[in-house]
Structures are given as C-alpha cells and as structure tokens.
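Have a look at these structures, which come just after this line.
Look for subunit A in each of the two complexes below; its partner is subunit B in the first and subunit C in the second.
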Partner chain A sequence: MKLTREEYRALEATVGPEYITQEPVIMDTYNQVWGNKFFFDAKHSVRPAAVLLPASAEEIAAAVKACNKYGILFKAFSSGFEYLSLSLAHSKGILFDMRRMNRILEIDAKNMRAVVEPYVSVYRLQLEAARHGLYTGRIGVGYSAGVIAAECCHHGCQHTMVSTSGYGRNVLGVEWVLPTGEILNPGTGESGGDLFSADGPGFSLRGILRGRTGANGGHGVITRASVKLYPWYGPKEWHQKKQPGEPLSRGQLDRVPDGYRVLVPTFPDLESQLEAAGEVCRTEILYGLSIAMLATGVVPEGNDEDWAWARKADPRMADNFRQSLVLVMGAPSKRMLDYREKAARAITDKWGGRFLPEFNEPKALARAFIDLIWSTGVPSLRITGDFLPSSSSPDGSPDMLKRLALAEQQIVARYEGQGAFFQKGKKAVTWRPEEHLSIGAQGISTALYDPYDPMSLKAAREFIDELFDPRGKLKRFGVPSRGGCLQIEPVTHVHQNWGHLYDNYDVWMMKIKKVLDPDTVGDWTAYIPPEYPDYARDGDYVLPSYGKEEEL
Partner chain B sequence: MAEKELKKIVGPGNVLTGPEALEEYAGDGLFAPAVTPRCVVRPGSVEEVQAVVKWADTTMTPLVPVSSGAPHFRGDTVPGAAGAVILDLKRMNRIVRVDPRNKLAMVEPGVTFGELQAELAKSGLCAYLPLAPRANKSVIGSVMEREPITFAAHHWDSCDPLLCAEVVYGTGDRFRTGEASGPDTPEEQWEMDRVQMNPFGHSHVDFQRLISGAQGTMGIVTWATVKCNYLSRVSRALMVPSATLQPLIDLMYLVVRCRLGGKLFIVNGLDLACLLGGGSREVKKRGKSLPPWVLFISFEGYGPLPEDKVAAEEAEFREMAKQGGLEPVGKVPGATAAAILKLLSGPSAEPYWKTRFKGGFRDIFFLTTLDKTPEFATAVPEMAGRYGFPAGDIGVYIQPIVQGTSCHAEFTLYYDGADAAGTAAVKRLDREGVAELAGMGGFFSRPYGAWADAAYRRAPGTLAMQRKLKEIFDPHGILNPGKLGFRELKAEEVR
Partner chain C sequence: MAWQDYVHDMQRCTRCSYCKWIPYRYMRQTDFIQGCPSISRYLWHAYAGSGKFNMAYSLQQGRIEIDDTFLDVLYKCHMDGSCDVSCKVQQDIEPLQLMQELRIKCVEDGALVSAHMIVIEGLRKEDNMMMARRADRGKWAAGLDVKDLTGDTAEVIYHAGCRYSYDEELWPVARAGVNLLRKAGVDVGIMGGDETCCGGRAYELGYAGELTKYAEHQIETLRTAGVRAVVTPCSDCYACFKVLYDKIGKKLEIEVYHITQYLDKLIKEGRLKLSKKVPLNVTYHDPCHLGRLGEPWVHWQGKEIKVMGQMIVHDPPKQYRRGAKGVYETPRDILKSIPGLELVEMYRIKEYAWCCGAGGGVIDAYPDFATWTGAERLREAKAVGAEAIVSACPWCKRNFLDAAKETGDRIQVYDIIELVERAV
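For the complex of A and B:
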C-alpha cells in the first residue's frame, strides 16, 4: 500500500527528503530475513510503505505524530536479525532505520555504564569499552546486534549471562519515544541527572519497557539507553588474526589473554556434566560458560564446508563435544585466577571430568575463549540457512530445562527420523546460566530444517504446532507464553492460546498497549494486537495461520 | 455494616475494631498525619485477600496493606484518609518452601527476616538482608520496597533479591509474575522442577517491576520467592577506617568493579556506634572513639574451597587498600569487624538500632553514584546546621547497589522527640531539605510521604504514565490512596 502524497510529505517534513524513501527495490531490502518462509510462506514479509532514516528522538517523535494523524503503522529497526524486527501487520506501515543514530554518547568508566544510540552494535561497544577495562555482554545472535535491540527491545540473551546478566536487567535508563509521539525518560533521566537508574520514583516503568522479551517495536522507539558494563580483564585492544581458511570475521587470538583462563573439561555422561556445570556456576568463579557448545576447532569459511564438516564429524568426537563444558574465568590478578582455576579443577574432579588434549591445547582454548566472549554469530543458520528456536528458549531452573530438553528431543527425533530435519545425532542438553545461576538459566534447543524443502517446511510447522499447542505434552512447561522468538501474533497466536491459562497476562498486556498506543500505530505483530482477529479454531485452540502475509 | 461483611470473609476474630488495635495503625510518629482506620482485617489466604479487595473495590473503600509489625517509620502504612481499612497480612506467615539446590525460598508476607534466617540455616542457606532490619520487618515488605541488601556483589538488579511473586491487583484479580505464572499451582509446578525462580516477564511486560517500590498502590503480594545465599563455612571481615570519606569511596570502586567480598558498605562513626548496641550514653561514648568513616567488608567462604576463596579475596582486598594508602584492620577502638559481621547475620537486636541513640530517628535516603557521595556527605550536615539540627547527630550509610553502578545514600537524623527545636528541625529537613537534595541530583526513587512532592516535581512524565497504569490495575484507586503520586479518594467517593 502506498502512502498518499499528503502522508508522504508529512513524514518527509520530519526527516528531510534525503532520509525518506519508498523505492520498491530499497523497500525489499528491508523485508527479507530468515524465518519469512516459515511464517509468511514467502521470501518477503510485508513490504513497508516507506523507510525513514531519522537522526534524533525529536525527528522520530514528529514522524510518530504524523503516523497518529494519518493512521500509519511504524516500527523501528536497527540491527535487524530476524522477522520480529521487520514484520509489519499491514503495508500502510513504515520502518525507521536507525543507522544514523550510531553514537556512543558516554562511557562512565567509574560507574560502569555506557549511554548509546540504537545503531551502536555490541561489537563497537565491546571495542570501546575494552579501552576502559570494561565489557558488555556477548549477544547470542552475533557481533552486529544492537546494544539497545538486545537490552531493551528484543530477546537479548547472552553467552556471558553468568557474569553479565541480560534480558533487560542491564538497563539503567532510556529515552523512549512513545507511540503517541511523547518522549519518556524514566528514572534519573527525567530528573536531569546521569542515567544511572530507570526505577522510579515509585514503581518502575522498566516493567512496561520490556519483559522476558522486548516489545519488538510494538510500543515505540528507544532512542538512547544507558546500560551496565562489566569488568574486562583482557587487553585494551583486540588483536585478532585471520587464520588460514578462516574469514576475518572469525579472526582468532593466538592465546587466551593474561587476565583470563579457559578450561574445557569433558565428562563421562550428561548427569555429571550438568551437575558440574551447576556447581561451577554457583561457585561464582565464571566469566562465561558454554555447555556442549564447543568452538575449539577451526571454523570452515563457507557454509558448504561447514555442512561437510558436520556430516563427517567423528561420532566419538561428537560425544566428547556434547559432554564438555567451556569454563572461562577472568580476574584482576593472578591470585584470584589461581583460586578460580583451582576451584574449577576441584569440581571437574568431583564429577569425573577430564581434560582432553585436543580441547585444551592453547590454540583450542583461545578459540573457545573468543567464541564465548566475543560475538561470532549464529552457527545454526549456517547449515540449512534457517533454524527454529523450538520451545522459545525458556528460562528456569537447570533441572526444569533438562527435563524440558529431553522431552522436546523425543519430539525432534521423530521429525529427524522422517528426514524432515537435519539430524544432529545424539542430543545434548544445554543452557546459559544467569547471574551465577541465582535466577536460573536460559535453555537452548534448536531444530534445523530447510525452509525451501516443502516436506521439511511442513514438518517444521507441525513441530512448532505440536510444541505450542497448550493441549500438548509440553503444556506444563508453559514456555511459549513466556516470550520467545516465535511469537508473531498474526501467525502463531501464542498470546491467544496461552493467555487464559497464564493468569490472563495477555489481557493486561492489551490494556497496557492501549495506554501506550491509543491509536494503534506501533506495529503489534511481535507484541500484542489491539484485539484478536477471528481465526479458525479447533475448540479453544486457535489454529496457526502460516502464510497470512497481509492482514488488511 | 462493613465490618459485618469483612467478618464473613476472614472470620469474626480477624476484624479488629477496638481503639487500641486501631491506634497501632493510625500513625508512625512525626511525619505522617495520624489517621485512624475504620478497622483492621487480617486475611489468612490469597482467596481471602481477593475477597477483601473485591469488597473494597465495590464499596470504594481505601485499603492499606501492612505486612511488617509496628512501629512503622515511613508513612506508607498510615491511612491517607479516614474510612480506610487496614489489610494486615501478618497472619499469612508461612515459609512455604526452602529450595537449597536452587538457593531460594518462598515466603508469605508475614514472615520476618529472623524467622526466615532460622529456617534457611537448617538447609545451609541464609537470606540477603538489609542493614540490620528491625526484628518484625517483613521479608516481602522489604524486598518489594527495593530495600538495598548489604551483599553488594550479589545485587544485580534493583529488584534483587525478588524472584517471583503472587499479587492481587486492585480489581481482585490474582496474577503471578515471572516463571510462576501458569495454570498449575506452585506445588504442581514443583513436580516439573518449575521452582518460581526466574523473574523475567511474563512475556513482553515485566509485571513484578510494576509492583516493586509501589508502596502497596499497585497490588498486594501474597507470596514471593526470594534469592538466598550459601551460609558461609568460613568467614572473615575487615574494616578500613578513614578520617575522610573520599579514600574509602576510591577503594569501594575498586572492590565493586570485580565483585570482591560479600557484605560491603560504608558507615560513619555514629551509625556504627548505634549498630554495635548499648544505650544512648554508650552510643555517644563509642561514637566519639570510633573513626569518622569505616568501610566494612566480609569475605564469605562457600563452594568447594571456602578457605581458599576467603584467603584469596582477603589478600586481594588488602592489596587494593594498600594501593590507596589505607590499612584494613580487624579492630578499631570500640569495634571489631567480627562483632559487626555477627550483627549483620540477622535482624537488629531490640531495641531497634536506630532508636538507641535518641529514641527518635528519621532516615533520608536517595540514590546517587558513589563519586557524588562525598559531596552529599558535606552538604547534608551543612544543610542540617542551617535548619538548626546538630551535624554530629547524623548517621551516614552508603550501600553500593546494582553492581556498583549506583548507591543508596542514607542519612539518619537521630533526635529526641521531647526536644521541640530538634524535632522541628527534623521536620523541616524532611520536607525542605529533601527538595534541596533532589535539586543536587539525589534521586528519590522510593519517595515516602512528603518526599513524593520533591520527587515527582522532577518526574512529570513518569507520574503521568504511572497514573495511567494505576488505572489499569487499580481502576478505582482503592489501594493505598494518597501515596506516591496517586490521589486520595474523596469522602464522597467512598460508599
């Protein structure tokens, strides 16, 4: 749907003619991401009516006011990893591409926080923070992920959550253009002080900023944020080298930096591996942890090589991979590192772990370190070009996550047996601990399918339906409703199917959405719709609506 | 009539109307105007809480939730207007579950820190405590009000140590936050190893943040799970005395940056003297012999190598202190670090430590960053002097929070209620002084009583949004009206 001349001009007036476009070719660069085939049955999701490149909160506020006046949907987009960032409920919708707002506004090294604009990537902040002896958490989806996207707007899980937290718990302040065009600065920002707290006066508006997952563009635009930083014990400059057969983006360190140590113990079975992982987290010695996700080897440059490597992997090696941990420890002194390593070794011994030479030689440890601590992307995308973060990667106790992973693996195995999914061999159970495991961990389970193989695609949808049906085997885990990657409301109907079972959270959310966005101009596809469309049902269960690209 | 209906809900013995009972809830000293409630209701279950809230919502009756025992000090539990009903949650006092594997406990609102601490010890755990809370302080009351804990390294988020909660909104609807949400009862969730541990969400909204720091205006919490810690098998403690605050702040930055140690804070000599006990004369005497400023740190030994942990951390700390020309010690004239550590393991002995010096006290606290605290530590006594309050009667407590990105700065004005001039000065400081401190950048994130004026004057956008949200969860404004930026119910509105 095109904008009328009047609508276009009203938007143009907010950012200037150079920074707005509705060229179809350009529009189509904004609606092709992985996952589209799964959800919309097309390579493209809804094409935006225009893209704006604003330079300030004021410009965005003015454009949002125009959206209210003309009934235009909007959504902001920065790093744009997935369908959630770009989906629009209908084509009378615009995107704000935030690339012009790309400044690191402040690093307060003493008080360990940074203030950034939306287009600042984790990569850039990591490089800059390292110069101050600080660090920002490693985001699971890769180094190009936006800091604000991860902390304020989307899923935001991190591989270093054991020591750097995540999921919005690092947010200390925001500047927020509401869907009405008003600008809100909760906490110290509004009172004119440094952005060190977004809580209060009184109850915290961080509660509506995001939950377990972000609003995915559904409640306005975050134009700056203050985030916590954590200590960095490595060099002030990263010195990575391209290795033979590796792209520069997978550059490596020669060795683990002095302020860190890495151990890769391998355990005799799943039980001992997970018990050791739990204990080492609770001992509070870790900077980063990876369970059954090793990257000690050289990474193939091309996807085909990666595929071939995955196919020919020695099964014994694969077993060792699955039953290993990567323990990264950091400290300001040799003394503290010695204690931490000694504790890690004691726990390894207790649970029967051993240190295989091939995982623990210096180069392998350096690779494991950089993979865990720096952001290197989502390997799951390499094999088939797509994957399903199946049960929405829930959070909870390690025991719950193990129970869920094993239950889900039985279902995955059925699809793998049919040849519909890439068979990853024996299963691993893995989770990412949060805050020394004091608030639990995030489970990770993926299923690899081929979106352009009709049989595989059909199976993927059946698989997700099976997992997401509250009448199914996983009902008591309730995880889809907690807010994961597959909530896209015109399609999967997660809120509609689960809300009434979960204290009617969806009803409260709809009311909040109404307060924030009375004219419903903030795109709601990955947040909450103003009201539920009347889709086909099977009893109370609202059937998924794959392929419904355009709702209006 | 109202009492009759309430008796039907909670039983006749749990509706109190006697003058003595009502008097306990009618005021909290100097700072909140005394208002006698209509009655006190003591529910015994979430269903009873829901029924009372629905009744109040229907009758437009102000409902004031209370979970800690008297005396109260901040005005948030005193009715804002006549006709209010006190919802006293002390009957709901079960420690529902202790989970040593996941280091958490589920408690009801009537559980005090002393009770929880004793129960946790049986499982090798301990609670995260604020600085020597009063003996009858509710754990949930403290946690929901974002009271800072002394274990700085484990304070990740302003809501810590809160995990999940069950809340009854002003509509009477029940809601569970975070992982606790769901169709199953908690007991059924435990069967699946869902232990109400993860605080995120539900979904796109973090509902628990909307009830934290809300002074009971957004919902009534009927149970919560809280993080706990391992009980130390080996522990040591040190003090770093200093004549001035700045060197200790410099040291504090080094320590919080690498999450060293366990309990960690700075107090001035007077606060330390009060903490250590004794009567007024003893406090005064000890206060004179103690150093002007003390940084306290404990090293807590748990995990597989508790001795090694404590030894490494202590050595590390000593080296950091040395770099700043400071000397950690186990003992100063009038105090030992070991004695302080013992005091910090439970609630305050009676009488409550802040009443020991002069009987009366008033805390003024706000958030700031550590580097700004010396400025406030100079400004507050100067300001007190201008209002005629003796600078020497001010206690100071500085607690790093949220991984050291900010700190809780607390100035305690110790006064004698029989001293009219001193009392008047405290009252003025409580209103005018707070406005000055807010002007200097002190962030009153938990504005009690009259502080709300100063806090919200600088936060009109926040207030406007909070009022809209309040209308969702408490559409008739019955939950603790008159607190924060929410208006009183007018007499003609109360049916």
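For the complex of A and C:
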C-alpha cells in the first residue's frame, strides 16, 4: 500500500530525503528473508510502504509519532537475518533499517559493560571488548547478528551461556523509543546517570522489554543498550590463518589461547555423557560447553565436499561424536586453569570418559574453541537451504530436555526416513546450560529441510504442527518460544492455542501491548496482537489474514 | 548460464548479510571489517550482494521492472567479488555470476547507463575503453627500443592495456615494465598502435558481445605474432586473458602472465637483480582482478541432486571459485626482495581485500563513488602506518591518485613496477 503524499512527507521530514525510500526495487529487498517460504508460502512477505534509515533515537521518535498520527505500522531491525525481523502485518507499514546507528558508544572496562547502538554486530563488539580484556557472549546465528537484536529483542541459545547466561539476562539498560514515540531510559539508577541496572533494564522491566523470547520489534525500538561484558582471558588481538589442507574460508588459530583450556571427553553412553555434563557445569569451572556438537573437525567448504567426507567417514566417528562434550575453561592464572582442568578430568574419569586423540589434538581443540567462543555461523542453512530448530529451545531441567529431545528424535527420524529431511543419522541430546546450570538449560536440535522441495516443505509443516500440538504426545510444558531461530509460529496459532492452557499468559501479553501501544502501530506479527483476529483457532500455520502479499 | 538460471541461488539467499563483511575469521580491526563498498556507501540492502539476489528474484517473479533505480543499484557496484567470497563461507551460491548476468540482460534489453554507452561507443569505434583515438594508442611507447610485433616476432608480447596506453601520467610505469623485461634479456615486443582492448571491462558492464569479439581478435593477433606468452602490467587485462576468455570458451593457447609473475620469475632466476635500496614503508593493495577475480575459471556442467534425504549436492561435484587461488604471494615476494623496503599488511588482504574503486564501470559512471572507495583504502593504508600504497594495476593506481588528490592525502602511490625499477 502506498503512503499518501502527506504521510510520506511527514516521515521524510524525520530522516531527510536521502534516508527514506519507497522505490519498489529497493523495498523488495526488505521482504525476502530466511523462513518466508515456510510461513508465507512465498519468498516475498509484505512489501513495506517505505524503508527509513534513521541516525538517532530522536529521528525514530519523530517518525513513530508520525506513524501514530497516520496509523502506519513500523518495525525496526539490524542485520535482518530472520523473517520476524522484517515481516509486517500489512503493507501500510514501514521498516527502520538501523545501519546508520552503528557505534560502540562506550566500553566501560571498570564496570564491565558496553553501550552499543543497534547495528553493532556481536563479533565487532567482541573484537573491541577483547582489547579491554572483556568478552560478550557468543550468538547462535553467527557473527553478523546485532548485539541489541540478540539481547533485547530476540531469543536464542548458544554455547557460552554456561558462563554468560541467556541473551536476555545481559541487558543492563536501554534507550527505548516506545510505540507512542516517547523515549524511555530504563536502567538509569540515578537522575542523569548512566545506563546500568543490575536487574536491568531499570526496575525489573526486563519482562516487559523482552520477556523470555523477545518482543521481536513488537513494541518499539531499542536505540541504545548497555550490556554486560565478561572477563576475556585470551589475547587482545588474534589472527586466524588458513591452515594447509583446510577450507580456505575458515581461518584457524594455531592453538587454544594461553588463558584457556579445551578438553573433549567421550563417554560410553548417553547417560554418562549427560551426567558428566551436569556435574561439570555445577562445579562452576566452565567458560563454554557443547554437548554432542563438537566442531573439532575440519568443516567442509561446501555441500559437495561435505558429501565426499560423509561417504568416507568412519561410522564409529558418529557414535563418538554424539557422546562427547566440549569443555572450554578460562582463568586469569595458570594455577586456576590447572585446577579447573584437573576437576574436569576427575569428573570425566568418574563417568568413564576418555580422550580420543582425534578430538584432542591441538588443532582440533583450537577449532572447537573458535566455534564455541565466536561461532561459525549457520552452516545448516547450506545443507538443505533451511532448518527448523525442532525443540523450540525450551527452558527447563536437563532431565526434561532429555526426555523432550529423545521423543522429538523419534518424530524427526520418521521424517528423515521418508527422505523429507536431511538424514543426520544420529541421535543425540544437547542442551545449553545457563549460569552453570543454576537456572536450568535450553535445549535445541534441528530438522533440515528444503523449502523449495514441496514434499520436504509439507513435511516440515506437519512436523512443526506435530511438535507444537499442545494436546499431542509431547505434552510440552512452558511458554512456547517465538523469537530467535525459526521455532516461531504465527503468533495467533501459538498464543491462541497455548495461552488458555498455560495460565492465560497471552492475556497479560495483550495487556502490555495495549498499554505500550495504544494505537497499535508497533508491528505485532512476531509478538502479539492487541486482539486476536477473528478466525478459528488451530488454524493453518500459514497466516490466513495477514502477512500475505497484496496485489502489487 | 543466463540470469534466470540462478533462481535456485535467489531463493536460497537467506539474507544473512555475510556478503556485506569480510568473513569474520579474517576480521582484525573493527574499522576495517566491511567488505562491500556498495552497501557501505549507499546503505540500502539492495546494494549488497544479497540485495541483488532479491532484485533478481523480484524481477523473475514479475514484481518489479528494470528501471532507473534498478540500474543505479546494479551499476553502483565495482563487481569486485568481495560479496562472492564472503557469501560462499555459508552458502553454495554465486552472487557475482548473477550480477554479471543481470548486467548482460540489461544491455540486451537496451537498459543502459549513459556514461557507459559513451565508453562503449568509443570502444566500438576506437578499440579502447578510454574514449581516445586509436591513432594515439602507441604513443606511450614512443622512443622505446622494443620490437614492433606488427612486423617482427618475439617470445613474449607485452600487452599494455587501455589505461596504460592512454593515461599519460602512467606512461612511465608502462615503459618501465618493458625496460625491466629487456634488461633481463627477455625477447619482448609490443603491438604499439595496433594493440586493442581485451574486452574485459566491457564484459563487466554487460557487453558480452564485446568480450567475444576482442577474444577472437586477440587470439588471432597472438597467433600471427607467433609469441609464446603474453605479459601484461594490467590486472584487468590479466583476468580477462586468463579467466574470462576461458569462461567463454576462448582460452588462449599461450601462457598468460601478469607482469608481477614474470618479474618474480626473472628475479628468482637471477636475471633481474634488485640491489639498490628503496627505503620505504609500504603496504600492498591486492588488485581484485589479480587476486580473487584472477582465480582460474572452473568449468562445470552437471545437475543438482539430493543425497542423504535433502542434502543438495552436484553431480559431478562442483568446485566453487572462492578467490583463494588468485595471485597473492608473487607480488609480496617481489616487494620482500627489494632491499630496504618494509612491507606492512593492511587488515583486509588477498581475497578479502577492499577494492580500489575503479572496477565495474564505476570510475566511468560514478566517479565520486570510485573516489570514495579509493579513499577508504588509503585510510586503511595509513592506519597500518604505511608511507606508500603499492598496487599492480593501472586502474588501482589511477584511482588511488585521484582519491589522494580529492582528499588531500599525501600518501605515496606506486605500481610495483616502479619500485622494482628503483631497486634494479
């Protein structure tokens, strides 16, 4: 839907003519993103009415006020690597592309925090923080993800949560343009003070700001955030280099940096592997942990190389792979590192673990270190073109996650057996502990499908319906996750089906939405609508009344 | 492959944005981690490699048309291949080839950039990309004691290229190249006024027919001259001879060398001795066409198949060009062999190098963008403490000189030939 001249002029006045566009050629590059085919049955979702490139909170606030005046939906995004970042409920909607707000405003080494703007990527912050001996947690989807997107707006899980906790628990303060256009600074502990609240942001507003899974752009724009940093024991600068015989695009460290140790124990069975993982977490010696996802080997450059490797791989390797752990430990002194390594080895020994040479040679350990600490991106996307995290990253106890994962694997195996998914051919349980397991863990496993293969796509949809059926055999408990990755379903499906089963949580979310956004201008496709659309529950996952492209 | 044949790639671009940066494993300094000048300068996603996939898919689906905005986005791009290298870290898709095919489609459809039309008109009339007269082509070599291969024979032909032939400020470099070869005893000759364009730059603008025409012409010229090797000081010409001719099935039957490769050979054989000190702290800029775009072409014909359920592979296996097989160490070896010269590396090097700004027709149609890109590279050179930036391509040198002039930068700009000449 085109904006009227008056509407366009009002928005143009906020950012200047150079930084607003309604050119179809350009706007059609803002609605083709990972996951669209699954949800909208097309690569394209709604074409926005305009895209803006704001440079400040004030510009955004002014534009949002114009949105309120004219009834225009808005949503902001940083790198835009997920459908929930760019989807709009209808075409009278605009997107804020936050590229111009790309500064690391402060690294406060003394108080171990950084203040960043929305387009600052995780890896960029890591490079800069390391110069101060600091580190920000790894992000699951890779290095191009935005710090603010991950920590304030979305959901996901990753391997350093054992020490750096979940994304949402790292927000100390924010500058927040509300859907009304007001600018709020929760997290300021004193008048005129900086953005630092230990239970940030502000007076326990985290639940409203993002909850567990993030509002995904549904109630305003975070224009600055103060986020926690953690000790970094590695070098201030590092240089990953190509290694002979290894993929060209994957530079490596020669070895694990001095301030860290990596151990990769392999256990005789699933039970001992998971028991050892739990115990080593609770000793609070870990910096990073991976279960059954090793990354010690050479990651093939492309699918053809991957396929060649798979054909000649020793089948026993897969068994060892799925029953191993990667333990990353860091410490400021050799003595402390020695202690941590000793403890990890003792626990390994207790549960019958051993250290296979192929997983524990120096370069293998360096590869695992890089993957756990900095992320390798999402190679799963290359294999089939898309993937679905099957377990929806629920929080819970390791036991619950294990039960869920094993039950899910039976379902996944059925689809894999039909040739509908990539056949991983292995069963494994993996969960990612938060804060040394003191608050449980998040589980994740993936189903890889091809969205442009009708049979595979159909199976993926059936698979998600099966997993997310609250009356189904999984009897899942907990608030369903909607952010991060593609464990998201259309909000009406999730909330309408689940809300009444789980304490009517959705009613409270709707109330928050209404209070914060009285004119309903914050796009809610990945959050919650103020009222449900009038159509049947248990509807199809393809959004029936919104999110579909209009006639151009 | 035509542009529509890349639908698979268009569909599978996930908008991960890797194309905007150099691969993170090679990021070292936060000011210099961007890889694509287009998206860095023009900001809208369309200007990134991913955006081109999106545009192409919208075009294929009939959602948009080729209009002025389409052309602006498509052509404000250096075709430097940075996005291609970064994309392939994550995906088995071909952003650069799609962009090339989109440009060819635009030309075929008559959707033309006016500045390029003038250049191409000049090419068709005068056989060069510099909008200059054919009759002036050989002036750069006036007075050089070198064989004229229009009537003589030699082992090696020295192909100066359009930029060196017509950019008078750069003539000393082109001449120095010949002198160095002769000094080492190489039996070398030139075509002088009869030399023509290689066709590579026209191809990058989308004029595919021009490439075929000049490939056929060069093949015939080289055959008639009876040479065993062609040596060129121009990286664009090198990539054209080495890669593009092969791509279109007109591979040269003789050896193709960039001059750095030939000089390196001469130095290592002891035929060229670098004995004079050149006390300079320099950094080396990898020309895109000598580096990632200079990687040999890999022919592949086959089909996509599924294995292990839904894994997408190729039968026969497809070897993707990832830029790593360009010419990187050779020029560095030369620089390291110059007495007194210190080489300091920038943060984005080899297949992850930032473009000089002159490629893809940008210098012709959008000179301010060319200057901006060049100035960014000079900023990086200064950030690592270099007194001078050295490249191995006349287009790079020209654009760096222009950028330095525009910005008032005092960094010295050299072609590697000049430093070798000083050292001999």
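The working rule: the second predicted complex is superposed on the first by the 493 of 552 C-alpha atoms of A that agree within 3 Å, B and C clash if a C-alpha of one lies under 4 Å from a C-alpha of the other, contacts with A are read in each partner's own complex, and residues count from 1 in each chain.
Here, a contact is a pair of C-beta atoms (placed from the backbone, for glycine too) under 8 Å apart; a residue touches a chain by one contact, two chains touch by 3 or more.
Quick caveat: nothing in here was measured; it's all calculated off a predicted structure.
Of the two partner chains, neither subunit B nor subunit C is touched by A:532. Once the two complexes are overlaid on the shared chain, A:335 sits against subunit B while remaining clear of subunit C.
Once the two complexes are overlaid on the shared chain, A:143 sits against subunit C while remaining clear of subunit B.
Touch criterion met: A:237 reaches subunit C, while subunit B stays clear of it.
In the superposition on chain A, A:423 makes contact with subunit C only, not with subunit B. In the superposition on chain A, A:128 contacts subunit C only, with no contact to subunit B. When the two structures are aligned on the shared chain, A:111 is found in touch with subunit B, with no touch to subunit C. Residues 19, 21, 23-26, 28-30, 32-34, 37, 43-44, 47, 51, 53, 79-81, 97, 99-100, 104, 121, 123-124, 127-128, 141-144, 237-240, 242, 248-252, 301-308, 310, 370, 374, 377-379, 381-386, 416, 419-423, 425, 448-453, 456, 552 of subunit A are the ones that touch subunit C when the two sit in their complex.
On the side of subunit A, the complex with subunit B involves touching residues 110-113, 165, 167-169, 172, 182-188, 190-194, 196-197, 199-216, 218, 228, 230-231, 279, 282-285, 331-333, 335-336, 338-339, 342-343, 346-347, 350, 395-397, 399-400, 403, 434-436, 438-440, 476-478, 481-483, 487, 495, 501-506, 508-509, 511-512, 515, 527-528.
Note for the complex: subunit B touches subunit A at residues 101-103, 146, 154, 156-159, 163, 173-176, 178-179, 181-184, 188-189, 192-195, 197-215, 217-218, 227, 230, 253, 257-259, 303-305, 308-309, 311-313, 315-316, 319, 367-371, 402-406, 438, 441, 443-447, 452, 455-456, 458-463, 465-466, 468-469, 471-473, 484-485. Every residue of subunit C that touches subunit A in the complex is listed here, in rising order: 8, 10-18, 20-21, 23-30, 33, 43-46, 50-51, 53-55, 57-58, 61, 63-64, 67, 69-70, 73, 85, 88-92, 306-314, 317-320, 322-324, 351.
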